[in-house]
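In what follows, structures are represented as structure tokens.
One chain, chain A, appears in both complexes that follow, with chain B as partner in the first and chain C in the second.
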Partner chain A sequence: MAIALEGSVVDELIAICGPEGVFTGRSALFNRARVPAPFPAHRWEDHIPQAVVLPTSAEQVSEVVKLANRHGIPVVPRAGGTGLTDGAVPLNHGILVDVKLMNRIIEIDHGNRTVTVGPGINMLKLNEELRRHGYFYPDDPASYPCSLVGGRIGTSGWSLIGARYGHTRDLVVSFEIVLPTGEIIRVGDGGGRSTRKSSSGFQLKHLFIGHQGTLGIVTEATLELAPRPEAEFSAFFSFSDYMGAHRLTGDLSRSGVATLGGVVLFDEMKIAYLRRDDEAYIPQDESVRAVVACASYGNADEVRAGAKRLLRIARASDGSYMGDEISQGDWWSRHDRYATPQHGRTRDGQVALMSWHCEDAAIPYTELPAVREKWHAIASDLIQRFDMFDDWGMFAYTNGAHKAWGDYLTEIDIGIWESRWTDESWAAWVDAKREIGRVALEHGGSLTACHGSCRAGEVDLVPVELGGGFEVMKKIKRALDPNNIMNRGKYLLDQAYEEE
Partner chain B sequence: MSDTTASERETDGNGRSTLPAEFLERWRDVAYNCFSSGHKFCREVCPVMQVTRDERHTPTAFQANVVAMEKGHLTLEDVADDYVHCTMCGACELRCPNTLFTGDFYRFRQRTIDVVKAMRALAVQNGIHQRNWKRWAELTDRWGNEPVLGWTRETSGARVRAWAAGLDLPTGGETVLFADCEAAFKRPSVPRSVAQLLRACGIEFGLMEQQWCCGGPMWETGYVDIAHRMAEHNMLDWRRTGTRRIICPDPHDYITIVEHYPELDDGFDEFEIVLALDVIAEALRDGRLKLTVPIERTVTYHDPCRLNKRLGVWQAPREILRAVPGLTFVDVDHVTQWSYCSGAGSNLWVEKPEITAQISSRRIAKARELPGVDGLVSACPWSERPLSEQGAAQGMEVFDIFELVAEAAGFEV
Partner chain C sequence: MLGFRLSAQTPPPARPVTDGVVSRFEHTYEVDPALMTEHVRQQQIPNWDFRRIVDSRWEHLHWMRDHFADQVIAASELLAELEAEG
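Moving on, here comes the complex of A and B:
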């Protein structure tokens, strides 16, 4: 259990954020301890903060961070708390800075096509407002209805339609951040708030994206405004084998069609999983073993022309068009619809309430078939040993920004019957995660395309993946955060201080 | 008041309240369904959360607390105030991936409102009260109807028919019009409108001998014993006067009766509970009711939460509004309105008026964004109180749908 903060520290926090912005009650702490990733509920108290603050300005955030430095108390930034790598989970208690109240739209710049917002705003909510002006902010993760802009920056989020519009790092033009010592700076390409490309100085914007809260707290962000698409075209194609689907995925991705938002490859295990309830799944012939989906967005005339080319490419493949019904509406949520607790199954097919856990990596196109086999083997081994895991199949999504070819965000979805956790099964799970990561690296990929890699298991491989880059990370961390205040314990960065 | 003594409570070593086994038996899997999913799709549609932005007030927290309490991390004392922060609008249940992705074919719905109700009831059982809710419950119990006119102006069963003065309505009969606390005492123009419209439709109906509160807010705020007394009184009244069909203008009454009364009475099936909205829509459809007086206004419609989010009733009111001559109806679709609320539900306004005011202020602001709109039509008298208050401040007139229709039918409202 965390030791309560000294009363005088709480008083200082109240002096900064006001009595309505500081919480030390148990439910305030326990309800900011976890994210949707598997959580050791039996060790809940290890992950609670000692105090929560809900600041309303960058100045308040800055003062809280300075206070934390004075007292040597860790600070944990938290936006939506919907990340899958525990970035917002306290590892060493401390003061949790929850930015949800900083959720205003500060300015829409019509001339230069940017919108400036607080970090606590959600993309769906933002787009409800932008719609009136004919714009949208095209950052579209699976957590679109609930993740917040601040967390998207902290985790370097990935967008389903990134092949057309880019990912979070491409969509955030500039932002204000409170450094681990409390200074407030603005980073972007160069100094201008809406400059898209500069050669001036170091490219600091990227440094402060994806650090999982270890390098500061974003307090304001200036984002791209894209014209709201006039048209959408989506299509699904079925295959009797994975390799045929893999070939079409590559062909579509390399087509050069500018409106292409993304291509998704469903493997056989994923199709089998979707078939668990035939009444829900749009029934497909038994011969369907893999599926390729693609979607494009943009001006109607361009989407129409692009669609013709995409269909021509697909016709030359071994696949079959799956019909209009499956394409209509929200194709991206349709494929995720089964990731709910009710669809877990034990080895003998009994329904068990299982959490959805998704392991992701960035994998080069040519390596997808080999990685797929190895990952399923790792999952199968886990299932054989513990009747609390379930293989929910794999997806691969185009991973490039503004272009579809290259590498793929590759996911294996694993159901976990979490009420069955034991220390032994938890350890086996962490090992499996590490093995999944190791396979990704062996095949020339990255540990993660979107979730981040600071959870137990994969985090051990970060120095392996980054090599000398990890040494630079440690130097930067120590230079910017001399007291190791900011999200202490994440990303093995405590090592930066041990070597002194 | 049904306070149990400390010795009857389940407590931890420090005398703080824990969850009884039967509570866990009933709600553990429901809570775990949310806990293990944890996506938090509910957060941004929650009307309270949109205001407070405090994770303690998320539907996710309401479920996670059950898991935390089972593991001994939290007690009822730790969380009781959190559970006040809910209007029971149902948006979280609809937006939950568990509902969205399995609801259509399993008819599954993540239950969050029920968990909040159960937790509030347990709090009351354990002697943990919210000051104003307690007072509200005591006066409801004493007077038979909720103290909607303030703490000192009695709303007794003897006065509940005062709104019908001059309408010459009989007592009882096959069909009765159930006009409850807020409408009967605070906004009598609503039941008066409904009564005149029903008559114009050729429907014979009476009023209860002595109507009491439907009991809904008592169930919602945890005073279950009082709720039972209200319900049993009302059913007895119906039986005494040979009533079979109950027409409810207020969605809160309707949902309370259909959700709670059957569990109290094996013979409940003899009653038919009907929404006045459906009766009026049907009468317009088959021509029994004609609207002839043009209403030259531009209005939008507020989907009351219990109708739209909990009962799936959103078509009938739109059908009715489109039948009003002269009216320009600017619609906002019912799914967009999942994240709208007046803030009135489950008596949040009695305990946290400042949050209700902010929720209704935001709702009015949404209406003001629509071109030319200067009127907001609702179909729930409870919502009309905070919406009217905020509407007055922002230049937006708030009507009840029955008031508008009665005017279009040529009645004085």
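Moving on, here comes the complex of A and C:
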């Protein structure tokens, strides 16, 4: 259990955020200890913050950070708490800064096509307002209804329709951030709030995207506005073998169709899981062993023409069109994958309540078949040793921004019966995740395309993946955060201070 | 006035679909109750609630889709056009 903050520190927080903006009660603390990522639920108390603050301005955030520096207390930023790594999980207790109240739309710039928002706004709610003006903010994660803009920036999130519109890093034009020492700065492509391309100075925008809260707290963001799509097209194709589906995935991805939002490849284990445990699944013939999905967005005439080209490509493959009901209904469910069934199977086939855990990596197209086999072997070994894991299969999603070809966000979904965690099974799980990451690197990929790589297990491989880049990360961390305040312990960045 | 009648709300017998999956209503599927005996017990849900859950899911999906585009172009329609074009 964390030691409670001194009363005088709590009083200082109240002086900054007001009595309605500071929480030290048990439910406020415990509910902000975890995210949906694999979490040692049997050691929940190791991760609770000592106080939660809900600021309403950048100035309040800045003052909280300065207070933390004065007292040497860690600060953990948190937005929606929906991340699939542990960016928002306190590793050393401290003050948790929850940005949910900073959720206003500050300005819509019609002339320059940007919207400026607080970090606590959600994409679904933002788009409900933008729709009135004919605009669309096309950042579409699986957590679309529940994740927040601030978390998307902190994670450098991936978007389901990124092949058409880009991902979070491409859609955030500029943003304001409170540095670890409390200064408030704005970063973007050069100066100005809405400049899309500049060659002025270091490109700092990217430095402050995807740092998992180790380099500051975003307090305002200016986002790209796209025209609201007139039309959507989605189509699913079934295959009797994985390699046939893999070929069509590549062919569609390389088609050059400008309206193509993304292509998804479902493997045999995923189909088997959907057959046995997804009540919304439409049964398919036993011969179906893999599925390819694609979707397009844009002006109706362009979507129609592009879709015809995609269908011509698909007709030339071994696949079969699966019908409008599954093509449309399943695609729509892609926007809200946090509504996944919360049950899986023990080894004897009995149903047990399980949480959904998704391990991701960026994998080159040519390596997908080999990685798939190795990842399932790792999961199988885990299942044989502990009757609390279930292999829910794999997806591969197009990962490029504004283009569909290249590498793929590849994920293996594993059901975990979390109430069965022990130190032994947790250690085995962390080992398995490290092995999953090792396979990704051995095949020329990255530890993560979307979630971040600061989770227990794969974080050990970050220095391997980044090499000299990790040494630069440590120097930057030490320079910007001399007291190691921001999200202490994440990304192995404590090493930056041990070497002093 | 409509009233609750147990006979009208009792689910029909399950028919097997595949190993481990059964169906009681068209287009809806359940895990075989025989596989829900040790750790989780299957509940008997009245027909009105079963239909509410199924209908709610489709309502949710349509609502979600509506956030993304004004219209949906069906692949079946385009495939028919391609067929006609030869």
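Basically, the second predicted complex is superposed on the first by the 483 of 500 C-alpha atoms of A that agree within 3 Å, B and C clash if a C-alpha of one lies under 4 Å from a C-alpha of the other, contacts with A are read in each partner's own complex, and residues count from 1 in each chain.
Operating definition for what follows: contacts are C-beta pairs under 8 Å (C-beta built on N, C-alpha and C of every residue); 3 or more make two chains touch, one makes a residue touch a chain.
The structure presented is a predicted model; accordingly, all values stated were derived computationally and were not measured.
S.K.: In the superposed arrangement, which partner chain does A:Asp324 touch: chain B (first), chain C (second), both, or neither?
M.R.: Once the two structures are laid over each other on A, A:Asp324 reaches chain C alone.
S.K.: Can A:Ser143 be said to touch chain B (first), chain C (second), both, or neither?
M.R.: It touches chain B, and chain C stays clear.
S.K.: After the superposition on A, what does A:Ser27 contact: first (chain B), second (chain C), both or neither?
M.R.: The first partner, chain B, only.
S.K.: With both complexes overlaid on chain A, does A:Gly72 touch chain B (first), chain C (second), both or neither?
M.R.: Neither: A:Gly72 stays clear of chain B and chain C.
S.K.: Please indicate which partner A:Gly201 is in contact with in the superposed arrangement: first for chain B, second for chain C, both, or neither.
M.R.: A:Gly201 contacts neither chain B nor chain C.
S.K.: Does the superposition put A:Arg315 against chain B (first), chain C (second), both, or neither?
M.R.: In the superposed model, A:Arg315 contacts chain C only, not chain B.
S.K.: Based on the superposed arrangement, let me know which partner A:Ser419 touches: chain B (first), chain C (second), both, or neither?
M.R.: Touch status of A:Ser419: first partner only.
S.K.: Per the contact definition in the header, classify A:Pro482: touching chain B only (first), chain C only (second), both, or neither.
M.R.: neither
S.K.: Can A:Gln342 be said to touch chain B (first), chain C (second), both, or neither?
M.R.: Only chain B is touched by A:Gln342; chain C is not.
S.K.: Which chain A residues are contacted by chain C in one complex and by chain B in the other?
M.R.: 124, 128, 145, 277, 279-280, 333, 336, 339, 343, 353
S.K.: Using the touch definition from the top, list the residues of chain A that touch chain B in their complex.
M.R.: Residues 23, 25-28, 30-32, 34-36, 39, 41-42, 44-45, 54, 80-82, 98, 100-101, 103, 120, 122, 124-125, 128, 132, 143, 145-146, 277, 279-280, 333, 336-343, 353-356, 418-419 of chain A touch chain B in their complex.
S.K.: Residues of chain C touching chain A in their complex?
M.R.: Spelled out, the residues of chain C in touch with chain A are 17-18, 20-21, 27-31, 35-40, 57-58, 60-62, 64-65, 67-76, 78-79, 81-82.
S.K.: In their shared complex, at which residues does chain A touch chain C?
M.R.: So the residues of chain A touching chain C come out as 124, 127-128, 131, 136, 140, 145, 228-235, 275-277, 279-283, 286, 297, 300, 303-304, 307-308, 311-312, 315, 321, 323-324, 327-329, 332-333, 335-336, 339, 343, 345-346, 349-353.
S.K.: Note which residues of chain B are touching chain A in the complex, please.
M.R.: 29, 32-33, 35-45, 53-56, 58, 60-61, 64-65, 67-68, 71, 73-74, 78-79, 82, 95, 97-98, 100-102, 104-106, 108, 336, 369
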